[in-house]
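Each of the next two complexes has chain A plus one more chain, namely chain B in the first and chain C in the second.
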Partner chain A sequence: MGKENPAEKALNLIRGRLCDPTFVFRPLSGPPDSNYSKLKFIVSTSITEGCNNSILLLGPRGSGKAAVLDLVVGDLMEEYPDSVTLIRLNGLLHSEDNCAFKEIARQLCMEHHLLFSKMASFDENSQFIIAMLRECGLAHKTIIFVLDEFDMFAQASGKQRLLYSLLDAMQSVTSQAVVVGISSRLDADQLLEKRVRSRFSHRKILFLPPSREEIDSLLEHLLSLPADSSFPSGYVTQFNEKIKNITSDTRFKDMLKTFLNANSTVNSLLKFIFRAVSSMNLESGLLSLENFKTALSSMLRQPKLEAVRDCSILELYLLVCMRRLEVKEQSSYNFISVMKEYKTIHDSFQTSDFYAQNVCLRAFEHLREREVICYAENRGQSQAGEYRPMKLLISASELHQGMRSHACCPAILLKLLDH
Partner chain B sequence: MTREDSSKVTRRSTRFSSSLTNDNPEPNPSHPPTVADLTSGQESITLDALLSSFPGRRSQILDLIRLIGPLDSPALPVMVYGDASTGKTSVALQVFKHLNRPFVYSSCRTCCTPRLFFESILNQLLLHSKCSSNGYASAKRCDKPSDFVNLLKEALSGVVETLGSAKLERKLMGKMVYLIVDHVDLIKEWDKGAMILQFLFGLYSVLKMPQLGIILISGLPPDVYYSNMGYTDPIPVYFPEYSEEELRQIFLKSQVNKKLYSAFLDVALRPFCRVTRRVEELSTSLSSLFRKYCEPLDDLSISPNEDLKRRLYSNLRPHITSCLNEVFRVSGRPRDGDTRGERRQKASYSSEKGEELEVLDFHMSTSAKYLLIAAFLASRNPATLDASMFDSTGGMDNRKRKRKASEKSMEKKEMAEQEAVMKGPGSFPLERLLAIFQCIASVGDSSLGEEEDEEGEEEATGYDKESNNMMSDILLQVASLCDANFMIKSGSCPLEGSIRYRSMVSEDLSLKVARSLSFPLSKYLYRR
Partner chain C sequence: MRLVLHLDSISISISISTSLFFFSTMPTIAGPSSSPHKHIVAARSENTGVSEVNTPRKRKLRSDSAAEVASTAIVTESSFATPMKWKSPRRCAVSSPKALKKEDSKGKLESPVMSAVKDRFDCLDVKSKWNPRDDDQMRAVKEALHVSKAPSTVVCREDEQRRVLEFVKGCMEQKKAGSLYICGCPGTGKSLSMEKIRQQADDWAQQEGLPCLETVSVNCTSLTKTTDIFSKILGESETGKKVNGSSSPLQQLQVLFSQKQQSSSTKMMLIIADEMDYLITRDRGVLHELFMLTTLPFSRCILIGVANAIDLADRFLPKLKSLNCKPLVVTFRAYSMEQILRILQERLVELPYVAFQSKALELCARKVSAASGDMRKALSVCRSALEILETEVKGSTDQEPQSPVTEDQVVKMDHMVAALSKTFKSPVVDTIQSLPQHQQIIVCSAAKAFRGSKKDRSIAELNKLYTEICKSSMITPAGITEFTNMCTVLNDQGILKLSNARDDKLKRVSLRVDEADITFALKEIRFFRNCLL
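After this line comes the complex of A and B, so read on.
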């Protein structure tokens, strides 16, 4: 009980840190030319000088755009307690104009403790919003509109009504508003209509993948335990010592490099560390290199290979037959032609695995459910399933590799695949 | 802020429903649902019991438990994926029974629209059960993701508050609620499925509530969900198919006489594993085979010695091959005690012993059977040969002199064959079908008369001689064959104006039907 408790507490602490984006991105906001400071500068000047502004945050998914924005907004709410209102919209949920306006009106009502009626019509909502903008402008309160998944707003109904009305209101009414768009499409501003784009200030902040030094400092920041009184001090120093040993190990550096080659955003790194930390040995209470190794192998999966390895032998036969038909340059084939090939193989090699047509049809269906093969065209609904043209969804090398690592693949199949 | 009332659905009451008195007993109103009901409610099981009830899943169970983490520890979304019947749902639910944490389970197979899905989750969180007093309505009406997010936040904060404040007599349940969504791969087929999938994967970051843990169960691997809208991948946990050894353990677990069953599995499991490794399919075929295996034994609780094992195996061996060819079929007829079927098989048309002759195992009227055969012939034979096939001599003259085929014509024949295979069965207009039907019905009529003194066929051979009066019935039969998917309506040519049909039956089925009518099908089939 005594040894378990600090280990569990440490585990909970680190997991909590990994799931909390504001904690993760705080050290990245230190340096003066980071995205955090740029964003903060823009928003705070528009608050202090009472002007309108619009800005786009762009970067691949998981690079921390929303997190940095949250940090900025949090800090500004502390600095200017009463003069900032935050309205959040998400392109996935609110891409329809009615929905979006209702949501803005609802959030405004919540902020200012007004009564919100769900039955309000679209026009009433939009008038309300414009009136609120004017009032807040006169009272020198800034409203920050955060539009997540900005590209979905731009693509949704084709008219971009919400964007136009917001940006238009900012220009014509006496208002103090900042519109921040977040998108993972780097060309999000190209999607805007002409009239919207003319009202949009083309400020963009790009979020790039972190550099090596940033990653190293991030690792230390996440994994080191604080030396406060809730942990026994010997344990804390032991833990931090072990972390330092691991991160300076060349094998760990190689693993990290392999992982980041595949996916270099901060979010995927967090998932990797989460996986490693979750498999921490609770008895010793220390992380080890093994944890990171298991995490790496479980994150970098090859699903098609696993699908081939899971196939039964009959299904492997069918896959090999399809591959042979492809090699013979038969451009399209269906179940009946695969059955013919299957029969010729059985006749020439006298294999023991020859089953009836209905059994093979069901095995075929299993393969199709697993998305290893699929119908070549979608429109052939008027044909029976056996006559529709099929195609393989895995490449020859994947099939080869899968069969070689299969538990009990008969040798004849490998031979057939090669010839 | 006005709160939304629970939707009062005004229902039109029909005369019938209002005349019914309510007989079903109401759920006991003195037991209001509490937050503690969100756990599985029964005694939690130990880790060892959990691991032993799922042979072969040890590493996946431990993985899942570690990812969920200790009590009150925040977690990133997890996706459990694997083939069908690999135990994903049962393992997830049993893990929660072991951990005794509150969870909400929703399956996308039963909740097949977004509205049903959202409302089922909200009902469980708001501890609302549909009963007749509230008209079987949900607690809140919700069909858009935006409403769902708001309502979910409210419901979750309510539940978390109750969990945090109330004093619970049972063990600690923690302050986190877990959401299990099953059959996520079915969302792809929904209307606007891609959007809903994107929403589901991003739910964790949209909600920003660390008290919610999300576990997704999917039958397809995560790479299927990649879309051009971007994808936040959950942490994957893979459930591979069982190996042979694990299958043995699974099948042995529930058996009474383990030694006998293990001797049976020694001989039967390996050949079946070559066809399929799914537990559900293997269990149906193995259970019927096991019955055959135990037939010569009087006492089912003995443990066999080597000699007995060998004898039982030799008794079973001829049945294994036939069973292998029926692996995926569930027999419509009861196996035990039906010796009539065997008699019929012996007295059937062909006299070859080794061949498995199957009898049609569903009932069709005679005219429907003739229609089926006519449709099959119409699809397989080219229309230009109809005249020579169905002339008054009742069959194709097979004794044509065959010229020695040159190589080019052989090649051409192969290409034509390939094309025919790719195109599948051809389509035919209704008139051609009826013409062929009339021809073969008259043929069948004459051949039936010859074989009337065969052993008493119990099938109704009441095919009337007044076939000409049954045209309207025939058209009805065509419609019912279409409904049963034996024929489908192909596209109609706008020039011709008539509807074309296409036959969907396989050659085996049509041979079976022809055999039951004693109709010489092979004489009428055109072979290239």
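After this line comes the complex of A and C, so read on.
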């Protein structure tokens, strides 16, 4: 390893932690009424008591559903080796019945070291699956079916045959299995046919965004360095002290609040922290409040605003003219009408920025390349660019804001915009 | 179980050659038996337990019950395997269920049943106290309430079962063919009753000395093509004969049923087609042909079709009416409150202890019968309540492991209420309450926007409303990109609905959630209450 800077090592460690869902969600599994314990309770009773169950995990994307399920399955595989078989299906890939049955048969064959034939027909696959379910039931091995993107299984084919067969197998005494559906749609079980819904056991676990206390403890868990020998001890205490200072600072709390007001899932929080940590100053080796500020501004970007801020004065003029034409209820306008408006402004206000038509055309093209304006319709390609109707791709408020934050926007333009 | 066993009975002869390809290399998972098919055949003929002699007693119970076919075996097995605890109170109790059955004549259960049931609960001194901390006892109760466990007697369906059985008996006696259509909502005991009827018909045939009944049970969801049902029927009746390639199975069946049979004691065939609406194709050919099989002159099949739609026979088989051979229709109504209560109590009466407070069971029955009358849901709610009790008990165990069970720790009303709310509550309200603030403002503006008759708006219009609300409360609104992202997130969750359009700005937005739900969820926050006014 050589003489690696402890700051770099710390950075690598923290970044590694942020990318590992097992580490992130481990402390959330402590309390007894957390989603982890609920899920674990249900699946482990199915394993120990041999009763079948079906359950649905609901929550917005990035709230940790698949991560918690992986944690639970990993723990159960350690506790009960050789009694758990895991079959994973994804609604984006396997929503068609033939495909799904083939995939289940293939995974079962892999688990039990059997030869899988790609030529097997749908009938053969389904009989094999039923026979395997019975065998595993008699041998007291539980099969856990994980159906990712559960709503796609329900929506894809009209008959929902896969869901019906799986949930029907849950109703028989001979099989020992658990069906876990993961979905981001809250009404996923309303999408099921009534037959299938009757066989589903209506257990739902909702993954809500973490509360303030949970976020604080999560931050501490992720950012504190361990006091082991690989880091110089003085550095560790210094680092952890700085983290405590930052997290108790009111400015940090405000920043966090602004961020969480827009999106509050665990995943987006991890991205925010990742960016902050990546901009850590490697010389001092400590995090600071500025890191978090830069991270926040980079996450809440407004790209169109930045485009307007970088425009030249002539381009701003053209944008203002287009906006005025819109306000005057002129539904479609092209370059020529914009030029007319431009001339009118120049005549009435005697501005100093009056340029020739070809210069304006260049400015126009520039705006179009930056996708601040575009052609209103795709036909009429044969027409010259000047005569084709255009439209604005930014809203009036964005234009307003962009111009106000522009370095040297002439005051008259703002007045013209407000009109 | 029915799906599995029925497939075996049909498909052993046809597919054993193809399936052996899979099973030739299969290691022995379940002990000495090497092939699952042989295993099944052995199980069916011997009707005894399976090979695990070394597994604990509890597990033997499950694998035993997996192998048996007859219904009475459940009671005998259970008393067999747990001699100490399972003294079935039915043997020694005051009121027996057979006496009960004679009392209710039409299946309409009112006060006589309730009082009889209450009597049975009065003789509780026979029952011992239940210790929820004991794993075995908890497991026994959970198993009694599991959907997969078929009860030994099917209660509350006596009337319907009798009608069907009379029909089948009549057909068997006169050696005539007939068709019957059974309909009802999911979870009303149709497939379960069919199983019982099959066994009862078999027993009766043996009793009367008639040739025994051949049965073909098909779950139509397992058919790849709808015409496969004919090959399944053919396979059953002509076991051993190879499927003739020249004519289709349907034609073979038609030929078979149009000729007079040689021997006079030919067997009647009972065909049970579960989930029959999967056979409906656009030209309704298969369904029609299936029912027409019963009208052929020498047909000897009794066809029972099971589905959910009440008017399937009328809508899809109009021609049968003109031929005057419309199938008899038996409707399995959704369970009423008393029926659900009775079924739950029947399941629990076999246990030697009381696990549920009777008021809790009543509440569950009332709520489920008001919602759908689906028995599976009632069982699921009861199991859920048991689990709530279990976590409560286990939670308190950590503090005092040595203290005995002081009071009656049974499933009480509050457990049942919690279980009912978990099952019936939709997660929408909770989710809306825990959304981040900007997303709540978007939901609020959507509720306002779609109050009138307008059903969808463009994103730009919604954005305008959103910025208005933000400005009126001094919150910085998010930009259009962020706004569109948040709308996409809400679309993923099923709260909003975004149409597909290439351009982001042209997408149309509509609301998927009820406005009442939104108002209810956000009523605590004064800010939103003012907005939504």
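Some points to look at:
The working rule: the second predicted complex is superposed on the first by the 311 of 419 C-alpha atoms of A that agree within 3 Å, B and C clash if a C-alpha of one lies under 4 Å from a C-alpha of the other, contacts with A are read in each partner's own complex, and residues count from 1 in each chain.
Keep in mind that, in the parts below, a residue touches a chain if its C-beta (ideal position, glycine included) is under 8 Å from a C-beta of that chain, and two chains touch if they have at least 3 such contacts.
A quick note: this is a predicted structure, and the numbers were derived from the prediction, not measured.
Looking at the shared chain after the overlay, A:305 reaches chain C, while chain B stays out of its contact range.
Applying the stated contact rule after C-alpha superposition, one finds that A:397 touches chain C and leaves chain B untouched. When the two structures are aligned on the shared chain, A:140 is found in touch with chain C, with no touch to chain B.
When both complexes are overlaid on chain A, the residue A:61 reaches chain B and chain C alike. When the shared chain is aligned, no partner comes close enough to touch A:212: not chain B, not chain C.
By the document's definition of touching, neither partner reaches A:251: not chain B, not chain C.
Of the two partner chains placed by the overlay, chain B and chain C both lie in contact with A:115. After overlaying the two complexes on the shared chain, residue contacts for A:343 are found with neither chain B nor chain C.
In the overlay built on the shared chain, the residue A:198 is in contact with chain C alone; chain B does not reach it. Once the two complexes are overlaid on chain A, the chain A residues touched by chain B in the first and by chain C in the second are 61, 115, 117, 184, 301, 303-304. The part of chain A that touches chain B in the complex is made up of residues 8, 11-12, 15-16, 18-20, 61-62, 66, 90, 92-94, 99, 103, 109-110, 115-118, 148, 184, 267-268, 270-271, 274-275, 278-279, 298-299, 301, 303-304, 306-307, 309-310, 312-314, 330, 332-334, 336-337, 340, 353, 355-359, 362-363, 366, 369-371, 382-384, 386-387, 389, 407-408. Residues 1-2, 4, 63, 66-67, 69-70, 72-76, 83-84, 144-146, 149, 195, 198-199, 202, 205-206, 210, 219-224, 230-233, 235-238, 240-241, 243-244, 273-278, 324-329, 418, 421-425, 488, 490-491, 502, 504, 506, 508 of chain B are the ones that touch chain A when the two sit in their complex.
Residues 32, 41-42, 45, 49-52, 58, 60-61, 112-115, 117, 120-124, 126-128, 130-131, 133-141, 159, 161, 164-165, 168-174, 184-188, 194-195, 197-199, 201-204, 206, 208-209, 260-264, 300-305, 393-395, 397-398 of chain A are the ones that touch chain C when the two sit in their complex.
By the touch rule above, chain C contacts chain A in their complex via residues 1-4, 7, 11, 15, 18-19, 21-23, 25-27, 29-30, 36-37, 50, 52, 55, 59, 62-63, 65-66, 139, 142-143, 146-150, 185-187, 219, 221-222, 224, 275, 278, 308, 374, 376-377, 380, 383-384, 387, 391, 395, 422-423, 426-428, 430-431, 434-439, 460, 463, 467, 478-482, 485-486, 489, 492-495, 505, 512.
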